[in-house]
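When the chains are written out, they are named A, B, C, D, E, F, G and H in that same order, and each has its own residue count from 1.
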Amino acid sequence: MTTNERPATRVALICGSRSDLETLEQGAALLAQLGVAHETRVISAHRAPRLLDRYVADAPGRGIRVFICAAGLAAHLAGAVAARTPYPVIGLPMPGGVSDGLDALLSTVQMPPGVPVATVGVGNARNAALLAAQILALADDGLAQRVAAFREDQTRRVEQDPANA
Amino acid sequence: MTTNERPATRVALICGSRSDLETLEQGAALLAQLGVAHETRVISAHRAPRLLDRYVADAPGRGIRVFICAAGLAAHLAGAVAARTPYPVIGLPMPGGVSDGLDALLSTVQMPPGVPVATVGVGNARNAALLAAQILALADDGLAQRVAAFREDQTRRVEQDPANA
Amino acid sequence: MTTNERPATRVALICGSRSDLETLEQGAALLAQLGVAHETRVISAHRAPRLLDRYVADAPGRGIRVFICAAGLAAHLAGAVAARTPYPVIGLPMPGGVSDGLDALLSTVQMPPGVPVATVGVGNARNAALLAAQILALADDGLAQRVAAFREDQTRRVEQDPANA
Amino acid sequence: MTTNERPATRVALICGSRSDLETLEQGAALLAQLGVAHETRVISAHRAPRLLDRYVADAPGRGIRVFICAAGLAAHLAGAVAARTPYPVIGLPMPGGVSDGLDALLSTVQMPPGVPVATVGVGNARNAALLAAQILALADDGLAQRVAAFREDQTRRVEQDPANA
Amino acid sequence: MTTNERPATRVALICGSRSDLETLEQGAALLAQLGVAHETRVISAHRAPRLLDRYVADAPGRGIRVFICAAGLAAHLAGAVAARTPYPVIGLPMPGGVSDGLDALLSTVQMPPGVPVATVGVGNARNAALLAAQILALADDGLAQRVAAFREDQTRRVEQDPANA
Amino acid sequence: MTTNERPATRVALICGSRSDLETLEQGAALLAQLGVAHETRVISAHRAPRLLDRYVADAPGRGIRVFICAAGLAAHLAGAVAARTPYPVIGLPMPGGVSDGLDALLSTVQMPPGVPVATVGVGNARNAALLAAQILALADDGLAQRVAAFREDQTRRVEQDPANA
Amino acid sequence: MTTNERPATRVALICGSRSDLETLEQGAALLAQLGVAHETRVISAHRAPRLLDRYVADAPGRGIRVFICAAGLAAHLAGAVAARTPYPVIGLPMPGGVSDGLDALLSTVQMPPGVPVATVGVGNARNAALLAAQILALADDGLAQRVAAFREDQTRRVEQDPANA
Amino acid sequence: MTTNERPATRVALICGSRSDLETLEQGAALLAQLGVAHETRVISAHRAPRLLDRYVADAPGRGIRVFICAAGLAAHLAGAVAARTPYPVIGLPMPGGVSDGLDALLSTVQMPPGVPVATVGVGNARNAALLAAQILALADDGLAQRVAAFREDQTRRVEQDPANA
């Protein structure tokens, strides 16, 4: 078997609306920095449920192993994906509705027993990406080293903050 | 064409969990009282998405024209049905999560543009049923009369309350 | 029978304040696009209760079958209309008060048993209009086709989003 | 003119539901203790709007000068009365909905400009009654003395609390 | 007795901070329009408790019969005044803290039994003023007529709204 | 001057209502355990403002250096004390109102600039007491040792939890 | 190297208080059912920070690759662990504080950029466990099959619900 | 013993992020005005936990007796410091997350029994500083006089407000 036949493990970043794309790309940028293959889509769970069905069904064949789903308001995207895949799904609630995103947060995190969504903070696309990398790093020593270096670097930047000199 | 070939217009009542069934049946009872044909199902949008797909696809053939969807927590059921049908979908948020059902309310009502859910109050199954009847009554004069009589009767009961004598 | 004798079925869009009118007109525009006759009014349930009484009483004679009521803060407009008509009333809570419209949402959706309001998301006038169209489409095959086409078109736009190419 | 021709100034206590009556009667008891004439009614603004109209229209003729309106959920009762009378209206939000009565509180207090409701704390019927008495006492020296005595008595009870001995 | 010996009944408008003064003056303007004598003060219950004590003690001697108290955050001003006077106290919660003034609203309205505050909507100084006028109008027929005319005028403006033509 | 002439430094525990006394006494018990002199009072800031004035004025003469103030609902007690003393005031919001004490929390913590209240968690009387002890320990080496021992003991109990064996 | 020298991959379940242990054990039971090795601890991030430090440092040596952290109120446990390990940390907010666990939810999920916590619903220990299993299944085909079977089984139970017959 | 051997008592001001520094410096400015020695640091409890450990361990040797900790979102900084020191810790929740800082407030104040954080209002750095000064003033008569003068001055400014002339 050649490496071509087995696609690289990768992360899918999906958002429910064009307006969420800019935030989502902050997560894509961090995945790129960490050397994690990924792809980005705009698929509304409500406006295009059949496309989402097909996308989630086909994604594993392209190597997708973790999904990051960004949505606002009654944010069903992460839950809808989690209902259709056994792979880990990371929910990224978006701000903009009631109480600066409380609606999206509750809609994403309060999943019923049996279908978890790994929810990160409101609008925090970089944490969604870093969490995806931490998950994939469990089976990828190179990535584990890059994640560790990233974490050490961010710690070092705090330690070297001029305010702490 | 015979009446057998064209099923009676009816309402589907769906809940996402067995534990919501008792509340939902208060709505079914009111539909029965108003002479509205209906059927009840327990289908989780998250644990059985394909069953929900099939159910929503097949429902119109059995005469379903309005859906009532009861769910708690990250309540996606109404939105998931609304994403798959052009018929009116009534969302019934269930209490029990954060702030006595605020999570279910926001998850049900804050739908994105293009896929509305007609949301009623937390746990208020009778209002979900009455709303369904009011909608169907627009094309059913007999039902319209029964709804009007129901409304008049409840007004009369207030007017005749012993406290107001 | 002439068209004069039986007015076209139509939707009333009412808002409680001049400042809500711009949002409400987004709903009127969608109704126009879907070919649904409608009329728009500014009637405060609190500042002009008798005008509202008369309006709701006279509306059916002009063919009104669905009411859309937009209000903010202690948003009573939809409930006040629902208390006076057996026709479906859609509540549109407006943002601007406590927690970006949580006050208007709760004031609109938490109706007591017996008088439902079909509530849509905060500030989401297009969903209020689409819900009205879905309701009227149950008895209007032409409208049903236009609603279906609208829904298919919005799905197609997601599927053809350049981000998904 | 005889006293029969001019009815005693009095307070109307109205609640929107039988279930609120027990709480409301705590307010009635305090009014009785303070020697304020009053009457109690159960009139839902949503289920019996015409009865409420008539009641508010007729009340001044019977001497009603202050209204206390208790309601829960989307609590419109106080606002509906305030829209129909120039007399002071005291709103008493009832607990039991979302967040222990936050829905009723916001629905009662967040009135639009031009139609104020004097809102007291959630479920605090005694404060509604005391506020009514304070208002009427502005034109009734005897009542003013009874209110002052009541206030002094409650202060004295704190001062003589055994814990402070 | 001359009118000099008995001061005109009047309303005190107090705010807890200079930054609330502009809002409060909207209430003062409405009182002026309605012909209600009034005076305005900036007295923080927390930064100047003794000045507040003296002010509340002296106010009745100058004819003050109703207090309007505007404060934000942990808004104690209305409650502090209510604790020191048997006259009606109107609480005006100011926006700007947590959840657009939810902190000030709860701090103002949730008074313990025995010391009511008549709370109006967040930042709604005109309603505070109108409520004060409605209260004083109970013993002032001229004011009652001006309040009634004000209310009728605002109703007429809605009825004559060009949108309703 | 003899030690008799200078009273021992002590903590005042005040609650606004009899119903808060049981919780407050959990704090008193911890102070006793830590050897901190203290006294307990029930003084409502709203029902007995003059008693509170006198108490706060006299307290330093009896050695009071820290105040713990427990109150629920529109919890003004801590702020009222803080307005009248330069000594540290610890606010203890009590549960029981809106959202399990959110009203008391916001009323206690959101003080305006210039008059801080050191707020602890809702209903957490032991933390109020421990904070008072930590503050007094800055000038009392014996107490500092007892606080340190208390903290070490609670850490040891976690370390020796059977679940961690 | 023998398999004895390399410990089995496992999940750590930690709770911040004895009172959370019963809930946490629902997660442990599900891990057991799915054949995932795990261990349970009671370690407060606040009362025993050094023990937590040591535990997190030593855990990888025993094969720990995923942490589940359950805590209520100001729930720092998950964040404290995430700050000390590059492995995935699942946060389980516990109910019982303000608004049925809203405090714990926000304290767990709203992590700053660079240190994600994968948060599940309030009190939903089974979802925390299932998420851990889904993560570990990415590198464990046997576990992946057991997770898939678990998910299919729960779907089948919905499909075979008597209510749907 | 020389003054070099015993460092001046001082306050540590720590914030979790560079973006909080500007607010924190308002507190530093007030400490300077009151003549309280202090130092400022930027140390994230999540990104640099070991640096925080070392800082808290070393701080007492430099005379630190009170910590002020400013953080937003899932604000763990104050709790993390409180877990590692017996000295008083003042928590300063920062706005910017859900509901204008409700997340940071709850994350800071809702500490478990045994580890209190003295929480001040959202973003209110001056109150954090003043509280620190009030605490240190218990053992520093000069500071006590400066605090008293500061408080009297702010009272005088209210009394001399032109609006009160």
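Before moving on, here are some points about what is shown:
By definition in this document, contacts are C-beta pairs under 8 Å (C-beta built on N, C-alpha and C of every residue); 3 or more make two chains touch, one makes a residue touch a chain.
This is a predicted model, so every value here is computed, not measured.
Touching subunit C and subunit F at once are the following chains: D, E.
In whole angstrom, the spacing between the mean C-alpha positions of subunit E and subunit G is 53.
Taking each chain's centre as the average of its CA atoms, subunit A and subunit G sit 19 Å apart.
Centre-to-centre separation between subunit C and subunit D, using Cα means, comes to 34 Å. Residue positions 44, 47, 73-74, 97-100, 102, 105, 109-112, 114-115, 117, 121-122, 154 of subunit G each touch two or more of the other chains. Chain pairs that touch one another: A-B, A-C, A-G, A-H, B-C, B-D, B-G, C-D, C-E, D-E, D-F, E-F, E-H, F-G, F-H, G-H.
Residues 18, 21, 40-44, 47-48, 50-51, 73-74, 97-100, 102 of subunit D are the ones touching subunit B in the complex.
Chain contact summary for the complex, subunit G toward subunit B: residues 99-102, 105, 121-122, 154-155, 157-159, 161, 163-164.
Within the complex formed with subunit D, the subunit E residues making contact are 65-66, 86-88, 90, 105, 109-122, 124, 126-128, 130-131, 134-139, 144, 147-148, 151, 154.
Those residues of subunit D whose C-beta lies close enough to touch subunit C in the complex are 16-17, 44-47, 49, 53, 72-76, 79-80, 82-84, 97-98, 102-103, 106-112, 114-115, 117.
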